[in-house]
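Each of the next two complexes has chain A plus one more chain, namely chain B in the first and chain C in the second.
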Partner chain A sequence: MSRAVLYRVAGLVAVVILLALPLASAELDGLGPLVFNSYFMHLAITAFFYAILASSWSLLAGYAGQFSFGHMAFMAIGGYTTGLIGKFIRFTTAPTELCADIPLPGNWWLVILNARRVGTIDETCIDMAKTQTLPSGALIIFPPVWASIAMGLVMGATFGLLVGWLVLRLRSAYLALFTIGFSEILRAALSAEIPITEGQSGLELLPLFPSGINLFGQTFSDTSKIPPYYAMLLLFLLVMLLMTWLASSRFGLFIRAIREDEEAAAALGVNIVRYKVLVFVITSALAAAAGALQAHYIGIITPNILIILQMSLVIAMAVIGGLENIYAASVGALVITFALELLRTNIAIGPIRIDMSLWRLVFFGLLLMLTLRFQRNGLLFPLLERLNRAGIAEETVAMRDASN
Partner chain B sequence: MACGSLPFARNRMEHAAIFGWALLWFAFWGVVGGVITPQIYARKDLEISQASFGGAVIGAALGPFSLLPLWIATPKIDNRMIGVAGALVVGIFITAFALADPDNLCVANGEFVISQLANGIVIGIIYGLMALGLTLIFSILGVVSFAHGEFYMIGGMVTYFMTAEWLPGAPPIVGILASCVVTFSIGYIFERIFLRPLGSGQIERPGEYAILVTFGLAFFLQYFTQALASANPVKAQRFFPFPRTEIPLDSGSLLRTTPGNITILDTISIPNPRFTAALLALIMLAALLWFLYHTWTGKALRAVSQDRQAAAVAGINPNSMNTLAFSLGAMLAGLSGASLVQVFSWLPQVGIPAAARSFVIIVLGGMGSLPGAFLGGLVVGIVEAAGTGCVPDATRAAAYIPAYGMVILTLVLLLKPTGLFGREL
Partner chain C sequence: MLKLNVNNICKNFGGLQVLKDVSFSVAGPELIGLIGPNGAGKTTLTNILDGALKPSSGTVYMNGERIDTRPAYGVARAGLGRTFQVTRAFRRMTVLENLLIPAMAMRATARKRDFEQKAQEVLEFLTIAHLRNEYARALSGGQQKLLELGRLLMLDPNMIILDEPFAGVHPRLMEVIYRYITEVNAQGKAFIIISHDMDTIFTLSRRLLVLNYGDLIADGDPQIVREDPTVKAAYLGEDEE
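And now, the complex of A and B:
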């Protein structure tokens, strides 16, 4: 069996296991002795979320050599875009006359709500319109969740284009410098503009499937973990497919050529700025999509998703798994998400209590540095290498025997 | 950035339109000048290295009245011309602001302006010292250290714990020296283990490796400190309370000091902790300059930053200079942290905005330029002071302090990525 086939079979088995995993969840009464509670399902969803971020960051950093510390900022842009759309936009069947009404074809109106003041009892214009101007029986509906998630993706790509265009013409250190500042600013702005973003108290979002969903003949409520599991898994698989295709196409060759030697790539006719910006836009959009989906799943989004810790974790996942391989990075993310949760328990050695919620982060920081220094391609690399080289010795012996 | 301009967009200005139109004027003619000038210069076969930046500044200054003569006469754009135009832009900006908001403290109250300016310079000196460490590391190792903010944080933490917890009542100088030793040692050990292989060719793509490994160090140090010191804010006592004096002794004094404050000429009022911190920073700066220009090791450092190979031929070991530069840079960050721990309350997270500010400063000053870092520190200090003092909505103004630096960074990256004193990229 050739190695390519082996990898495909292994990948297929992994996908099937991931698809079948909810069958063993407590909601569906488990599979015999195997029962995953809803906490486990939640972890799995979070793990896919981080896997999307880590693998898209590895495409940006490991393949294209562009080190952005703003990946979480784009994730937050996605989440806040969909959140703000849900907060400020409604569709109605009659003009409200109190909000900003934009007529749409088919006797519908797109209504933009006003920002509420903080600290006083202050109704939104749609609440006032319900009692005052709207005729009874007029429908008020939220924008569909999938559409606002798509808008989040578009906003992520737009900001990615702006930042990329500004910074990617310069040396790679500038991108790192600028994006770290960009995400700090975004955090400051999201915390300060309380009338719009609700600041630290967080912006609430609709659940992913507001009125529940029917999957395989079974109805799931809006608090069930199984539909979000499949939504996030689907996004993860789509992202991996897209990135696999990108990495194996000319595009992948070009960005790796840029990473190795910009001047040489430019001399051979690669438009380096265009490809650098393009890979930045694509990965930013993917991060934004993951952020939007996760925000709807969690139901609330706060500026704290932008603290440097989150970015550091994504980097640690990608590096420890393997920066130059999107699969290794995603496996790293899956493993580390669970490992971080397992290590949360505090330890008491005699009178000394060790607060593991901090020391586990210290441990991962150290592991990140040591991995970079001594096992540059990630801790999975020796395994991959062994798989890749398996059978080579036998082949050599066989060739020697054949020639004798 | 769009986010950066938000505090200007929503405020209680009286005639906001004037200010808005002035900004629009700058933006429009700046873009016109920046885009068209290089094309005109290129068509006439003139040097275009400065044309884009110069054109943008000259365009923003007087719009068509300065651009048309420039395009017709096409003189050589030198630094003096850009300087004059830049001063004009700043002048018009301030005038527009004054016209738009005549009741603002920044416009109506001259003493407030001078005081704010002095405070900006004082804090800018300390920012400059911190950025100096970063630029020193960059000029010799060619590495931007993303752990710089953590050295700053550790410097402050060690000073606080030394003077307040471990040796209560110890003179502040003990704390400052301890913070020097600690940050220098961490820098030394880290450089020896993690950055030494950079020069030896053992590591592929050293630039990327350096970015990631210093970022990893920052992550590690931040949570290590938090695990040891907890996340509660701490603040050191002021180092040197002033004696209560007045010079001359009658009223209307030139210089008046109380334990917590110093007042010069009855107008410039600087809180004691900031004043001491700036004084400390100036002493460090003098010591650093003396070290760099008057000792063999300092000269060797500068030689390595100019030309590695030539320095090696002359008998300087570039590897040990790398170690020295990194540890010294870390120590400078630690020192600025040590002198600021009496000014701000200290958390394991304080390093991040400080590091972001240092990045702004070294890009503004030109990566690797020592005078640039110091001047950049002053500029950022003044802009932050002006931002906090002049933006009408005070709570918002405080929340956006880091944004002022980012506005500068964006402008520099757009207009002159090499910074004020930078080498060509």
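And now, the complex of A and C:
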């Protein structure tokens, strides 16, 4: 069996297992053993979320060499974009006169709440319009969740373009400092602008499927874990598919050349400006999409997702898995998300009780330090490399001997 | 046929004038040596020709098109390729990937497999075909130099600038590089070769440019340039490197 076939089969098996996992969930009555409770399903969704972030960050940092600390900021931009759209935008079948009304084709109006400073937090302009200006029977609808998630992705790409262009001439430590600065400014702004973002108390979002959804002939409520599981899994698979294609195409070849030596790549005809900006745009858009989806799943987003510890967690996941491979990074994230939760179980050694909910982060930090010291390419990447490059050294020697 | 016009190039780094009004032109597949003591401005001139640096004043035209305003990748696509004084292989990429980069960069719709055959031929010509799947970092210094030369063949430019191609190279590899220059030159590509290896540069080149502290002090047949009193005084007579 050739290596390419082996990888495809392994990938397919993994996808089938992930797709079938909810069959063993307690929520699906009678379809399988009740192994996984909703807490497990929640962990799996979170794991996919981190896997998207860690693998897209590995494309940016491991392939293109752009060691950015701003990845979580793009994730937050995605989440806040969709959240703010949900908070401030409505579609109506008649003008409200009190909010800002933008006419749309087909007798619809796009309504922006609060834009004319009418109303209060408790009674917005649309609440007032309901009783005062809107004719009875006029419809007021929220923007569709999928559309506002898509807007989150677009916004992530836009900010990725801006930041990617600004950091073009910055390398290593300077790039890291710039992106930390960007992330911190965003966190401060989100905390400060309470009338818009709700600040530290957090912006509430609609659930992913506000009116529930029907899957496999069973109706799931808006609080069920199974529809979000499939939504996040689908995004994860799409992201991996896209990045696999990118990494194996000219894009992957060029960004790795840029990582190795920018000037030499330019001297060989590579448009380094285009590819450096492009890798920021793409990875930021992916992070933003994950952030938007996760925000709807959790139902609330706060500026604290931007703290440096969160970014470090994503970096650690990618590094422990293997920075220079999107699969290693994503598996690293899946394993570590579960490991960190399983490590919460307290240990008792004789009379000494170890509170693992605190100590697990210490062990995690230790693992990170040991990885960096002894396995700089991560724990999984070397295994993949060994599999990938099996027989190449022998081949080289054989070809050398044959040509002499 | 290639035509390169370098007109009145000046380059200042702060108060330091590194190139002073340098002009010359290249017509067709010439084989030119560029010499001068350390600090003469050879590498700066190369960087300006290749688009990595912008001149303070002056222009460079290639086949009627102005190239000094283009970014480095634009100059490469216009048909000028170069190597670096210190070898710059893409170390964590395979030899084959190193070769595919310039070929793919030149053609927007190309696919990798379109060039694998050509890459194989280039590697065989350079005697490193057995290393095609190795990482570039596993190659010796000399082999990495050959890899750089191979990348230029994949770029397929009209003019090639080699910065110190013979420095620190074993005599057997030197033969390969020598053969590369003469054969590729015979195929119609112009060369500018920067070297401190006087014997090689005098036998190899058919025209010699001499830079001294930013001035182009001589330009002509190597044997005549060798006897030029200014050149002798500035360079050859004093310091036989």
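What to note about this one:
Going forward, the second predicted complex is superposed on the first by the 354 of 404 C-alpha atoms of A that agree within 3 Å, B and C clash if a C-alpha of one lies under 4 Å from a C-alpha of the other, contacts with A are read in each partner's own complex, and residues count from 1 in each chain.
In this text, contacts are C-beta pairs under 8 Å (C-beta built on N, C-alpha and C of every residue); 3 or more make two chains touch, one makes a residue touch a chain.
Predicted model only: the values in this text are computed from it and were never measured.
Judged by the touch definition given at the top, the superposed model places A:L368 against chain B, while chain C stays out of reach. Legend: residue contacts after superposition of the two complexes on their common chain; A:L110 is shown touching neither chain B nor chain C. Of the two partner chains, chain B is the only one touched by A:L170; chain C is not.
When chain B and chain C are set side by side, the one touching more residues of chain A is B. Of the two partner chains placed by superposition, only chain B is touched by A:V319; chain C is not.
Within the superposed three-chain model, A:F254 lies in touch with chain C and out of touch with chain B [touch as defined at top].
Of the two partner chains, chain C is the only one touched by A:A267; chain B is not.
Residues common to the contacts of chain A with chain B and with chain C across the two structures: 259-260. Here chain C touches chain A in the complex through residues 50-52, 71-73, 76-77, 81-82, 84, 88, 90-93, 97, 100-102, 104-106, 110, 112, 127, 129-131, 133-134, 151, 155, going by the rule given at the top. By the touch rule above, chain A contacts chain B in their complex via residues 61, 65, 67, 69, 166-167, 169-174, 176-178, 180-182, 184-186, 188-189, 191-193, 259-260, 307-309, 312, 315-316, 319, 355, 358-359, 361-362, 364-366, 368-369, 372-373, 376. Put simply, chain B touches chain A in their complex at residues 1, 3-4, 6, 144, 146, 193-194, 197, 203-205, 207-209, 211-213, 215-224, 226-227, 349, 352-353, 355-356, 359-360, 363, 367, 395-396, 399-403, 405-406, 409-410, 413-414, 417, 425.
Against chain C, in their complex, chain A makes its touches with residues 250, 253-254, 256-257, 259-261, 263-273, 324, 389, 392-393, 395-397, 399-400, 402-403.
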